[in-house]
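By written order: A, B, C and D. Residues from 1 in each chain.
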Amino acid sequence: MTNPIIKLENISFAYPGATEKILDSLSLEVYHGDRIGMMAPNGSGKTTLFHTIMGLCRPDSGTIEIFGSPVSTEQEFQAVRSRIGLMFQDADDQLFCPTVVDDVAFGPLNLGLSADEARDRAREVLATLGIADLENAITHRLSGGQKRLVALASVLAMEPSVLLLDEPTAGLDNGVKEKLVKILNHLDISYVVISHEFNFLTAITDRVFSMESGKILSDDEVRIHQHEHMHKLGNHPHKHV
Amino acid sequence: MTNPIIKLENISFAYPGATEKILDSLSLEVYHGDRIGMMAPNGSGKTTLFHTIMGLCRPDSGTIEIFGSPVSTEQEFQAVRSRIGLMFQDADDQLFCPTVVDDVAFGPLNLGLSADEARDRAREVLATLGIADLENAITHRLSGGQKRLVALASVLAMEPSVLLLDEPTAGLDNGVKEKLVKILNHLDISYVVISHEFNFLTAITDRVFSMESGKILSDDEVRIHQHEHMHKLGNHPHKHV
Amino acid sequence: MISEALAQGDSMIHRLDPCVRVVCAFGVSFALALSEQFGVLGLYLVFALVLVALASLGAGPVLKRLKPVLLFVLMIWVILPFTHEGEPLLRLGPLTMTRPGVELCLRITIKSVSILMVFIALLATMTVATLGQALHRLRVPDKLVFLLLMTYRYIAVIQEEYQRLLRAARFRGFVPGTNLHSYRTYAYLAGMLFVRASLRAQRVHNAMLCRGFNGTFRSLDSPLSNRLNPVFMTGVSALTLVLVVTELLWK
Amino acid sequence: MHISEGVLSGPVMMAGAALAVAGTAVGLKKIDYDRIVHVAILSSAFFVASLIHVNLGPSSVHLILNGVVGLLLGWAAFPAIVVALFLQAVFFQYGGITALGVNAVIMALPAVICYYLFSPFLNKGKKTVFAASFLAGAGSVFFSCLVLGFALYLTEKSFFEVSLLVVTANLPVMIIEGIVTGFCVTFFHKVYPEILPRPRGRSNP
């Protein structure tokens, strides 16, 4: 068996000043080829978990190994950060350059590519996602769905080995969701996706985890949870879907 | 048959400077007791529609009647605005006062109530929504779900005759969603709700509309759309829900 | 980032009417800033310490908040005594400390530390929401009070937006340095903040219109009646007056 | 950039307070009810932006950006800056009450001056916009230093060296502010020109 790409072991974390542990001896392994979904209530720590993997929240205890080597200092995290593509919960937070191509090229420029190389890389990725025509569009004037795709492009332009997607579909309509499903199913990359939508998750992942009291719950518990939920809605008059 | 509360007739609207019509001879009638859902792709003009009803976007052509009388000037809109409760897509935009009670009392104060009456009204509404304990909380410290409920409270404190809710559930977990479903099903008020979530909409509304090329589509078309969508997902391996 | 931790307490000062606290803070601060005599300044220092004690604030939080001014004070002690001309007091190798230099430093130190302690004890112990209300009742123009409260309200929102933007930049390999790329990136981040602030302002203005706003600000007034209000007000006024008179007579 | 509490002499303090009150009054008068939310939220943005630290060799300096605020708000920059400084005092104790007036003048007066000097060039070509806003950014910091130095000098003649020191120490800051303001305003120009003031004569700042 190969080594995990991301390996968290007994990670505990509380925000400074807070007493409650958001992550409590949490362990997680992500292997090459994994396509994992994550579905858990608001505030259960999903975003915090992603930030811990990226080295933005430093755990109080536990170890993190990424690509087989332990990371704990800012230098070590900086070295691996560009190989993990994190897509934010809100695409608006991720797009800060004036035009789409500037934004997608921002990461490659930081990786040390020349301006021309970075621009070429950006164009390539935009073409792969089918949004080549947006190249010179002003980022903040894009529609919600377009922003999401550009954010994905700007993450993919770093050529990461694994993607972390934080609620990629919140506020998106079904058309854009289906486009995302297609794109993700065609990308040859491992990913972990947070979403509150079961249908979306099942369409793009092989397993769905949940989180409760700072720990990861396995597939089975999630399934039970879902049945219960659907039952509750069943009490209200609602159309057959 | 009674008169419609809101009646839009042949409304056309384009943002200044833009050529494309966001609303294109759109007509809509909302009657007393109506519980309407609205589900349409991003950028199809749902928020614009709500803003047109409130007089925040002035249509280029067409007529608006609210509570039976035509409105077109700022004065006329000001007079009816407080009787329509619009809940914004982003709760942060709506909660602009420093504390929760200030915010909920802001509307009643503008309606001419005395400070004491306004405070009482605010407390009452907070109690109805089960968040009386938040009264003196600082608005910007609230969690996403709490903000949404306080925004609803601040709209309800105006005692509107009809509610317009713009994506009240975006980014909320199922717990908060269920709470909203319960609250909305117990309120004796007409409303129009925008949401991208079919389950949520069917739980709280009697009909679901959609929008396409600047016009409203009726129930049937929406239902077909949904079936189609579910079918597509069926192609991917996914768990039974 | 912005914390109003000091406002949480429940001391005698916390229970006073905010208007009384604002008026006292203004009066004492200006009287203090205009004093020159060491004796009087010493008394003000004691006065400020008493106020901090009355507000039951721990030494830790107060010292933490005094840190910027303490650093400033340290800096002037290193420079001013040696650069100021006048009667020499002490020779340290090639450097000469002058008496007027030392006196000036001492005066600035006492004044700045005392004024800030008065500020911390009386004003930092209320939330900005309360402060805004107090200013409103003290007839500060509505527009200014509104500006203060609204600015306060959105600082946290915009601060979070900035943190997320910066984080996004760092996740994409941005390492700040002294170069054009870094400055441009920061300019874009700051520019984005202003753009989003402006777009948000439009939405907030709309939200206000929807809730019946028509240009007049109304607010919930909640004066705290407290037996101590007049006592405190009189006490502080009397003490300040005595100190001002002493200062004047001393000359 | 500010003067600490307890440094200024009475007359300087009072003159600063009077000027600040006057500037704020003019600014408030220019803000109508449709614009007040805009001014307030831009003031929050100014507060946050001024906490941004950028590298300068081995150390770092924080941005000031009063030039940007001046260009965006004109006279309304005065009350916006006063409010932001007051909130800084409340949250960080960067100052108290008595120096607020002088500090407001230090930051806001140059902002308004730069608005009048440079905003006419903001609807020109890209290079002109960059140059004008570079000058506005660097210039407002420079003017701020001058006002600060002048206030110190009026207080105490022996502060002359300190004043000179302030100006020279801030030379690199001026350049950084110029560059950042230049990029910032060209950013507005490209992505959201509506935020920039319209050419004067048609509407009031």
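FYI, a contact is a pair of C-beta atoms (placed from the backbone, for glycine too) under 8 Å apart; a residue touches a chain by one contact, two chains touch by 3 or more.
On a predicted model such as this, the values are computed, not experimentally measured, just so you know.
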**OP:** Can you pull out the chain pair that has more C-beta pairs in contact than any other?
**Re:** C-D
**OP:** Could you please state the distance in Å, as a whole number, between where the Cα atoms of subunit A are centred and where those of subunit D are centred?
**Re:** 40
Subject >> Approximate Å spacing (C-alpha centroids) for the pair subunit A, subunit B >> reply: 30
Subject >> Distance from subunit D to subunit C - Cα centre to Cα centre, in angstrom >> reply: 19
Subject >> subunit C: positions in contact with at least two other chains >> reply: 128, 150, 152-153, 157, 188-189, 192, 195-196, 200, 204, 208
Original post:
Can you list the residues of subunit A that touch 2 or more other chains?
Top reply: 98, 140
Original post:
Which positions in subunit D touch two or more other chains at once?
Top reply: 37, 187, 191-192
Original post:
Among all the chains shown, which pairs meet the touch rule set out at the top?
Top reply: A-B, A-C, A-D, B-C, C-D
Original post:
Which bits of subunit A are touching subunit C when the two form their complex?
Top reply: 54, 56, 78, 81-82, 86, 88, 90, 92-94, 96-98, 106-107, 109-111, 140, 154-155, 158
Subject >> Complex interface listing, subunit B residues touching subunit A >> reply: 39-44, 143-145, 167, 170-176, 178, 181, 185, 196-199, 202-204, 223, 225-226, 229-230, 232-233, 236-239, 241
Subject >> Complex contacts: residues of subunit D adjacent to subunit A >> reply: 187, 190-192
**OP:** Mind listing the subunit A positions that touch subunit D in their complex?
**Re:** 98-99, 138-141
Original post:
Which of the residues in subunit C come into contact with subunit A in the complex?
Top reply: 161, 164-165, 167-175, 181, 185, 188-189, 192, 195-196, 199
